[in-house]
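Next up, some structures in structure tokens.
Common to both upcoming complexes is subunit A, partnered first by subunit B, then by subunit C.
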Partner chain A sequence: MDFHRSLIIVLALAVLPLSAALAAGVSGRVVGADGKGIADAVVFVDAAPESAAARSPATATMDQINKTFVPHVLPVVVGTEVRFPNRDQISHHVYSFSRTKNFELPLYKGENAPPVLFDKPGVVKIGCNIHDWMSAVILVVPTPHFAVTDAEGHFKLAGLPPGNYRLLAWHEQSREKTADTAQRVQVAGSDLELTFQLSLSDDRSRPAMRGSRWDQ
Partner chain B sequence: MSAGSTAVYSLLFICLCCVLAPRALAQYDVEPENPVWLRALLDLRVVRGGAAPSWTDSGPGKTRFGGRNTDAGFERVTRFALGQLAIEMGAALPWGLRAQVQFNIQPDIADDYDPWVVEALVRKEWGNPSDGWGVQTGLMTLPFSLEHTGPAWTPEYSISASALNSWLWEEVSLTGLEGEWWHQGESGPRIGIVVGAGYGADQMGRLIASRGWALGDGVSGVNADLPLPNGTRMDIFNEKDHRPAVYTWLTLGDEARAALKLGYLDNLGDQGYDGVWHTRVATVGATLHPLTRTDFVVQYLRGKALVWQPTNDSSLRGFYALVSHHYRGHRVTVRYDDFRVHDLDGGNPTAESGDAVTLAYLYEWGLRHRVGAEYIWLHSNRPASAFPEPGQDGWQLSYRFRY
Partner chain C sequence: MGPVGWWSRSRLRTKIFVAFSALVVAVLIATLGFTQFVVSREAQRTLNRELLTTGQLFDGLLVERAARLRTNSILLASDFALKRIIATHFDANYDPATLASAALSYQSRIGAELLWITDENGLLLVSSPGASHGGTSLASFSPVKEALESGEAASTIGEINGVLFQLVAVPVFGPDVIGFLLLGQAIDDAFAARLRQAAGLDITFLTQDRVFASSWPAQDRDRLLPSNEARTEFLHWQAAHKPLLLKLAGERFLSLVFPVDARLAQPLYALAQGSYDKALAPLRSLQWRILLIGSGALLGALLIGIGLAGGIISPVQTLVSGMREVHRGNLHYRSSIERHDELGFLAKSFNDMVGGLEEREHLKDTFGRFVSHDVAEAVLNGRVPLEGERRDVTILFQDIRGFTGLSEGLDPAALLKLLNRFFTEVVAAVEAEGGVVKQFVGDGVMALFGAPQAYQDHAQRAVRAALGIVNRLAGLNRELQQQGLPALQIGVGIHTGAVVAGLIGPDNRVEYGVVGDPVNLANRVESLTKEVQATVLVSREISAQLSPAFVLGRTAMLPVKGKRQPIEVVEVLGLD
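Right after this comes the complex of A and B.
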């Protein structure tokens, strides 16, 4: 009996370093060094049990409205087909030279551009060849478990099957390597609260040209 | 080469490779945005204009590329030409400022390969796409054209612009300050108001009075000079009275369906100064998109160009309407131009009446390539012209590469 109790304690101690808690879902915040929430960060599960990694083909949309990609950050799971409808009357020429996905949708208007398959995890920087300030990021993550933070930095990952997970936090301007943000959790029965801390670099995007001269 | 030199060159090569090599990125790293960028546009042509030499050769031809003068008279000629080499550079500066500059090389118009500085400005915007404002200062063109919306300010629907927009882009280059405010409600139209003032337009109107209307895609710059029929050239940037031209440009509508544009410019020229023109123009235009793949554009311009000496006072009027259909990379455009100059003072004859039809086909593929074909038929009655035939026509083929 003592042997069994000791074994359980030893096993529990062995698991503790890997799991902050046991939970049915994971929620929390992504904050900066000053404690303020960071919007548009993506928290995602990098490694999951086989049962939680299963996924069906997904689709997503990145619009072009008023010479702006909407949303600016779009997380998708590997294998997602993304559509790029152009809601502007002017033509856009969407492209990416990123190593994760290299593609282009030559000059077009409307919603007829073919979808683009994102089949490799990583970061895909999207641009418009006509309007060089238009940019967006598609974050292709390996599992269907991801969430984007709101204006206060809150996120919630719901519906995680029980198991061990590695969670990462990513932001377009993050100074930290994404791998360095990893936190391991074990999801079992109750909610889990996590906090990620990131420090952001200055926005280096190209200033926009939204005036009527550039109604093109 | 000595062993020491070899070592130095090897070291330099290694350093160069280190500088030029892209930084290694981890899987989820975002490629850094380059704060400085460079773009270029090269346009090569095969042209066969009318028999009369073009105005760009101080001839009476009304299109950019014309024929030649021989002992037997005017003669059509087919030739290769560099339509345009445009270099655009930009930089993201601190405080959200954006700087950009554009140089154009157009040897047939400039008569040499010197680059003309088309644009050199710094701009700052506040707000967002639906509500904001912006300020820019530096060297700029007028915002009045509904056609010069392609890369490097090239016409979007055809190779050559309409007569009225050709003139605006040939003869106006301003150095000054411009402000803009725009607003779009949740369901209402988008409103944009541009107000600007700039120096350098003291001779605006002289080209129309001396040469008349023409169709082309030349773009002037602050250091540009254009040929006149008498064999001389006129500087585009000309400031004698130190009074800036003022202009405003109003945009109202929903770009996705229809937009109305109104513009007004007064160069406030003081005719008390020798060679200063007082020119005012008003323009109204509309873009309509009743179908996803079809564009209708109409624009009307009316104005007066007055000068004390020599007697060239003129009123001018230009109109065009175009319909353009595009599908994937293909675009077909038909445009009708109507243009007039009325001689107001009975001095040097400046009167002209004419019209033109332009047919254009453009095909764009990939990020960088475009081919185009264009045919222009033009009819102009201009008593002062050295060319007795009112009818002119010509065609051109274009290959455009964009970096």
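Right after this comes the complex of A and C.
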């Protein structure tokens, strides 16, 4: 009996690095109708095999620097607690009315706001009550496998165990229903390339107003 | 008699009066007419300017009001509490009643007549005033439509439930659009009345078929606004941007139509009206005043004119009536005008002239007393050539026989009276035949026929005159005998021949007379009458010129001194 247990352990240990060696990535681009890359899009895994288990609950941070939310788009897995540190010298009043998460962090400075738990998947539009132009999005996704595209629209998802995956692409101005962007892939040890095409509506963000010398 | 004829025949006073009054009346009418024209034109211009300015003013007022509403609405839409309340429509347990009461509260805060809330797609959530009519989509209703498309505040003018509103649709951000506010301020009678106070003109907002708001009182609208039929054509004019003069309910209005940008079924206009008659009211009172002053001036001018005219006319009239007197022969008349101006000079000259005339008549009369009137006339009229002339003249001498004896029996006064009485007859008889008694020689008479007044038959005339004397004497003698006085006996001698006739004597004692042998001869013939006991004796030269009608008598031969041959004389007895 000790021998069987040890063998299993050895085999398990052996399999582990094997499975680790067998994890692959999915990378690619998100492009628009004109073929140009789309930045700040989120490509995420909507359905994953059980082996791609959720990690332990994560935390994330969305800063307020120079009256801007940084980053503008923050994907987090369901169950993440997000902190909103205020790096500015003036107070901010962070809020969201989104169905996914309706919360409010009334006027505070520095770290004087409790973290907010995002326990439902969905889109959370975040704003500041004082500064109308400040806005950000927290995309609460079901799995920890997600990536934000860079300026050229490139994304990379790594460490995906082999299995069947469904990937979705989301953008703040995307005209498509996110569900309609689904692409199914079979990960089997080698990297895959995917392209998502989204058509975007006009950017309606408002210009910032930072002219005063009291602004810091 | 045309006007020209009337004018030339009318009296001087009338002329002055008419000319003067015509002038004043013309000036008055010209003044009135001119002020009428100028003031009326200025009133119209001012009103036009006011109307056009009103258009701009009023446009500005509307725009400003809309801008205020817009600003206030944007501020309202930024209210966090409101955002939070609106965001509740995302919730499963959304309560429209809370939203409705919030809408009411905010509506009164901002002072708008209307506040609606829609979701981020334009779907109506609540409307205030009134209950929540949730469910209607306003996505195609301006200005929500524009706000949806642009993501910014949009404003327009529209109609809701029959009321005209200035509307603003404002997106509510949180931070993306979570809904829209639609606010409205009514364009109603109260607003029109405020515009009227600001602009001074009555304003009406209307389309072709409907009047939405007006500053006119409701009861006056039917008569003070153009009727529907008139309205179409009238609104057509608005493109011209020129004020129109309209007559409505007996009053005249200058009207201007402005298009108003709105989302309605028919184009919306604002009609500005200013009372033209009221603007002209000061003109009326001005005109009355001018008329009054003018009439007073006219009256005054007329009175002065009359007075002035009188001052000139009446002395003229006095002189005119004086002239009439003189015409009638009254040469004693003198004008009593005593002035130091031209008229005074005229009057004085008049008097001098009449005096001169009077003196001349006096002279003539006086002259005529001593000389026959004809001679006096001829001399005064210059018909007697001063140098003398040679002409054939008949000379008649007449003498009273036995005068000496007669003179002893009468006193001098009675004698002269008798003599003069006789001479009167003689002169009458002589002048009746166109002759002239040249002089009275004692108890005799010398008469001339054919000078100074020329007659072809001077010889016959002389003879007829002689016979006339005889006849008249007969009558006279009868009277004398009745008075117990002796009858007069006369002798007449007549001769004719060439003599020199003219003014004889020095200048200051001139007499008209004749010179020559025939004169002496005539005298000789007369003295022969006593010798031959004839009454009328004539020379052969005379008898040769007598017509057969004359009855002749004896003839005689008359020796004449200085002539070799005696002359033949013949008696004239009468005329058949």
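Observations, loosely collected:
As a convention for this text, the second predicted complex is superposed on the first by the 188 of 216 C-alpha atoms of A that agree within 3 Å, B and C clash if a C-alpha of one lies under 4 Å from a C-alpha of the other, contacts with A are read in each partner's own complex, and residues count from 1 in each chain.
The rule we apply is simple: a contact is a pair of C-beta atoms (placed from the backbone, for glycine too) under 8 Å apart; a residue touches a chain by one contact, two chains touch by 3 or more.
In this text the structure is predicted, and so the values were computed from the model without any measurement.
Clashing of subunit B with subunit C is the outcome of superposition onto subunit A.
By the touch criterion defined above, A:T195 reaches neither subunit B nor subunit C. The partner that reaches more residues of subunit A, of the two candidates subunit B and subunit C, is B.
In the superposition on chain A, A:I126 makes contact with subunit C only, while subunit B stays out of contact range. In the superposed model, A:N102 makes contact with subunit C only, not with subunit B.
After overlaying the two complexes on the shared chain, residue contacts for A:G110 are found with subunit B alone; subunit C is out of touch.
Of the two partner chains, neither subunit B nor subunit C is touched by A:T59.
Once the two complexes are laid over each other on the shared chain, residue contacts for A:S135 go to subunit B and to subunit C alike. With both structures placed on the common chain, the touch criterion links A:R204 to subunit B and to subunit C.
Once both structures are laid onto chain A, the subunit C stretch out of 41-49, 77-85, 383-391 or 473-481 that overlaps subunit B is 77-85.
Common to the subunit B and subunit C interfaces on subunit A are residues 93, 95, 98-99, 125, 129, 132, 135, 204. For subunit A in complex with subunit B, the residues that touch the partner chain are 65-68, 87-91, 93, 95, 98-99, 104, 106-110, 121-123, 125, 129-130, 132-133, 135, 137, 139, 168, 170, 172-173, 177-179, 204-213, 215-216. Within the complex formed with subunit A, the subunit B residues making contact are 25-33, 35, 37, 39, 90, 92, 96-98, 123-125, 129-130, 132, 134, 136, 143, 149-151, 156, 180, 182, 184, 192, 194, 249, 251, 255-257, 259, 261, 287, 289, 292-293, 326, 328-329, 364-367. Those residues of subunit A lying in contact with subunit C across their complex are 93, 95, 97-99, 102, 125-129, 132, 134-135, 204. Against subunit A, the residues of subunit C that register as touching in their complex are 78, 80, 83-84, 87, 90-91, 151, 173-178.
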